[in-house]
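Think of it as A, B and C in the order they're written, each chain with its own count starting at 1.
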Amino acid sequence: MVDNNDIGSQMYHLIEELYPICRSITGDGVRKTLTIIKKHIPLGMQEIASGEKVFDWVVPKEWNIRGAYLKNSRGEIIVDFEESNLHVMGYSIPVRKRVSLDELRQHLFTTEEYPNWIPYRTSYYRENWGFCMAHNRYLALEDGDYEVNIDSSLEDGAMTLGELVVPGKTSDEILVSTHICHPSLCNDNLSGIALCTFLAKHLMESRPRYTYRFLFIPGTIGSIAWLALNEDKLARITMGIVVTLVGDSGGFTYKKTRCGDTELDAAVVHALAHSVQTFSVRDFVPYGYDERQYSSPGINLQVGCLTRTPFGEFPQYHTSADNLEFVKPNQLAEALSVYQRILYILENNKTYRNMYPKCEPQLGRRGLYENTGGSNERQPNQMAILWVLNYSDERHSLLDIAEIAGLPFEDIRFAADRLIKCRLLEEVS
Amino acid sequence: MVDNNDIGSQMYHLIEELYPICRSITGDGVRKTLTIIKKHIPLGMQEIASGEKVFDWVVPKEWNIRGAYLKNSRGEIIVDFEESNLHVMGYSIPVRKRVSLDELRQHLFTTEEYPNWIPYRTSYYRENWGFCMAHNRYLALEDGDYEVNIDSSLEDGAMTLGELVVPGKTSDEILVSTHICHPSLCNDNLSGIALCTFLAKHLMESRPRYTYRFLFIPGTIGSIAWLALNEDKLARITMGIVVTLVGDSGGFTYKKTRCGDTELDAAVVHALAHSVQTFSVRDFVPYGYDERQYSSPGINLQVGCLTRTPFGEFPQYHTSADNLEFVKPNQLAEALSVYQRILYILENNKTYRNMYPKCEPQLGRRGLYENTGGSNERQPNQMAILWVLNYSDERHSLLDIAEIAGLPFEDIRFAADRLIKCRLLEEVS
Amino acid sequence: MVDNNDIGSQMYHLIEELYPICRSITGDGVRKTLTIIKKHIPLGMQEIASGEKVFDWVVPKEWNIRGAYLKNSRGEIIVDFEESNLHVMGYSIPVRKRVSLDELRQHLFTTEEYPNWIPYRTSYYRENWGFCMAHNRYLALEDGDYEVNIDSSLEDGAMTLGELVVPGKTSDEILVSTHICHPSLCNDNLSGIALCTFLAKHLMESRPRYTYRFLFIPGTIGSIAWLALNEDKLARITMGIVVTLVGDSGGFTYKKTRCGDTELDAAVVHALAHSVQTFSVRDFVPYGYDERQYSSPGINLQVGCLTRTPFGEFPQYHTSADNLEFVKPNQLAEALSVYQRILYILENNKTYRNMYPKCEPQLGRRGLYENTGGSNERQPNQMAILWVLNYSDERHSLLDIAEIAGLPFEDIRFAADRLIKCRLLEEVS
């Protein structure tokens, strides 16, 4: 039994440890992050050289940053990377010069609506530099020249991907993908990193039916690179899920696979329906996280995305307010348990053949039915047994039966196990 | 024309005649019941010996009972079979002994919620004995020894099935099944017996299109036995309906076939929609009456069940309160007329070919259309004629057309007959 | 750019010009009408001789009328054709005689509900004569003999059809049909005539993708005759629309094709949903205008009908109140623009292949994507581009994609054009 408080705290501690690191799509921040995850699970790390062509894209130069600041004409530090790594626009080129306030303004980003928060901005594919800052501080900027200092490097290097395969009894794979390219932002996506880490850890304690492939990768370019370099593996991937935004206080939202009615979609919706009071389900749209790439028409993997509040729908999104207070241990733990329930369903969703398909087998003499007739109380287990027997016609999986019966998958699975013991049921291979 | 009051009274009188008999799944009660039905319709009776294997089941020993009572230590009769045959648990073994109140309690059944009603209980497949009684009387039991006397027999014998085939113009069969194993309970299921008896009687007065097979059988073991012994006949059965619970004051509830969208399902829903203000339709569940056996995956007949209030959803269910006051002649008559309307639809639901499919044929010169144009009143018969002409493309039956048109089947049938007379329509064989 | 006020006025002027003419299914009124339309578009006119057999029908004798009146015994003219051509029942045979009031009443038609309006009546297929009059005047009729004078002719002649083919780049045809047989009634159907005239005029200014076939024909017998004489052309007609009732103040109602889910149905519903606040969509019924004939099972063209208030659902329908005040220039103009939007969609609804189907192509370097990441605002054009890329898998047309995306077709078309320019998209032939 998992102690939810405990697992939530462990997830939260991992987030705390990863929070200060300045991550981007390349560079030492990603390497440090993966090295910390390796303390929990035996992650593999792969470096892909800058300049390598991956489908229509090219792996960019590696970006690293040591420090950055902005000084006013009186020499006072106005903005300091040490204070928050969000202050520097991701992929800012090295700069050391004096600029007028007018010129500087072209390189400043703020969020007027939330004047005390620092927004998060990047410029991966067009060379540029910039500072992100609280709008209130921006309004207080005085005329005069400013000293810009960005001690970064943008040079040939590599992009780093993390990957872990948990071998299963079959080579059919379930892909679990999370992005690791955001700097000090907790819900997006340290929460996803923490969930994947502990989900993988948990799976490694068993010998699952499916083989699980966990990807810890930079958004967009990371999934594109992995897909380009692993086209030979795609046929094995039966389904996949993108993990992100699982630590906030909101309810769950599931974004369906492109196909929209796969076994994964049914399993997620079933798990949510039997785990939480309310949740949302949305159709696939070609925008969002790496499911965009996995679901492109030429790749066409069936990949869903289960979050709490979707991106862009909470004010803290992509700002400094997505911090350690914004994510909660109990929310992380609940999200992990929902993901585990989904995997439990997928692991156990098999199809059976009723060995006595002509009329009901006599359940009473096998101890599966009450012996005194006439009562109008239906015992739930008896109903589950009758549903499994009636629909185990080789065409309905246990999840199908659970949905038709309106019963939790676990009850149907339990009934099937009792019937297997009595040799009334046989797996269809 | 059927006089509904009259037919309702006739059905009710049959129920009155059958009410006192102590029925069970075997024994003389069943034989007496079938013999009384034979006064109305030429029922065949078949005996299946105890011990005969039928699929996974075995025909049980035959049970008969002559009397039973329970006396307290003062020799007073506390519970008497003469008073109500529900007092003895069905299939109680013969007993004649003194027992303490403590031991006795193991064999007493009551319904706390309705303390004046006697519940109905059976123990067909595990040898046992018991008394059912009003909870109020149970509470008044005094300490001391009790004399138990159950003058029953449980011996090798036979199970009796009643069967009637009403031959039709085709060998395609419609199965009509009702259970006959309940003792003094009116709605469940003397109402079903009465309805089937008069439905069969009515059908025998005509030469129907379908062949109708009526089964008057003990629940569960009766349908299992019949199916096991008649597997060669199953291919002819195109659909079936289980008749029960048709005499109470509630509205109709139709439980669909396992497939859920057969011609029978459409016919029942259409008949109900055009006959009564409100009714319920439910999906198939593998629990209930003999449709459980008919709809098992290896038998897979398409069998619905049309009742008034479903079993277990009225308090009188399986108690002494399901008595002669609980069923009403007018409700019985209305139920019969709905069943007859369903059969009318099935009998008359054919598919036709429009002989003038290119544009509308000129209806005016055939007397099928008003001759002065311009009016905006549509005559219903004209609309029915236009619907039939447009959709008689060999792919839509008259019932399909009635549903698309939103008109009663009878209007569509009437229009088709007029078109056939004018040689504008031809049956598709 | 069309000036809506201007085009509405032009449509209205055409209606004014056609309003006084006494039209019927045959005769000089139809010829005059078509001649006036010819001033706008190069309509072809075809004469079909009386007596010619067309499917189950026969082209009737030609009817013409010079005048008609009804005089009371004092010689006062009570009803005069000069005042309104609705006063004479269409196809009234020539009559010149004195009749009693009793006999006369057999030949008078009124509308009690609207006692000042003259109803519209015809008797094409049974020889008869009659007068239509305001119910108030009818009530004031005095006893005595009446002089009936109908100076009409019903003789062998011809029925006249108008037809215009606007050639397109392909031989696939879209049929646009409107009826021309109603006398002085504006909404039904001078509005349809005006819309078709200007729609054709507009199409002739371009070289459309589809070939458009406009039919200006008498109701029922006109479409039947055209279909009977042009069976060899039917295979080219991919879809069609019946135009009528487009000038009143009501909202739009679309009656779907018989099939119900064709590309036309989708295009009409999409155009309405993105053009007006509210509208109704109805399933096909085999009653109405010439779609009845086009959609008969042996012809089976997929023809919808887009009107404002449907026939029979406004009190002015088929009465003298369907006059020049009942139709409005702005309503005519709006209807034309909706029809044009539908044709725009059909003309531009093509299917494409994403040339970079594996992951997203890098849009940024092609100027199709903003370069600074992190913002949570989605740019609509970007979304349209992503939708087109993801669903251009050779199985989804642009209209399909617009519906899935919930975006206007025009945005999707615009995105596709940008992608074609960048060689990211290629048409599927």
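As a working rule, contacts are C-beta pairs under 8 Å (C-beta built on N, C-alpha and C of every residue); 3 or more make two chains touch, one makes a residue touch a chain.
None of the values given here were measured: they were computed from a predicted structure.
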Path length in the contact graph (chain A to chain C, fewest steps): 1
Fraction-based call for chain B against chain A, same above half, different below: different
Fitted rotation between chain B and its twin chain C in degrees, CA, nearest 5: 120
Centre-to-centre distance between chain B and chain A (centres being mean Cα positions), rounded to whole Å: 55
Multi-partner residues of chain C (each touching 2 or more other chains): none
Of chain C, residues touching chain A in the complex: 354, 356-362, 364-365, 371-376, 378, 383, 386-387, 389-393, 405
Of all residues in chain C, those that touch chain B in their complex: 55-57, 89-90, 109, 119-126, 128, 220, 223-224, 227-228, 258, 285-287, 292-293, 295-299, 311-312, 317-318
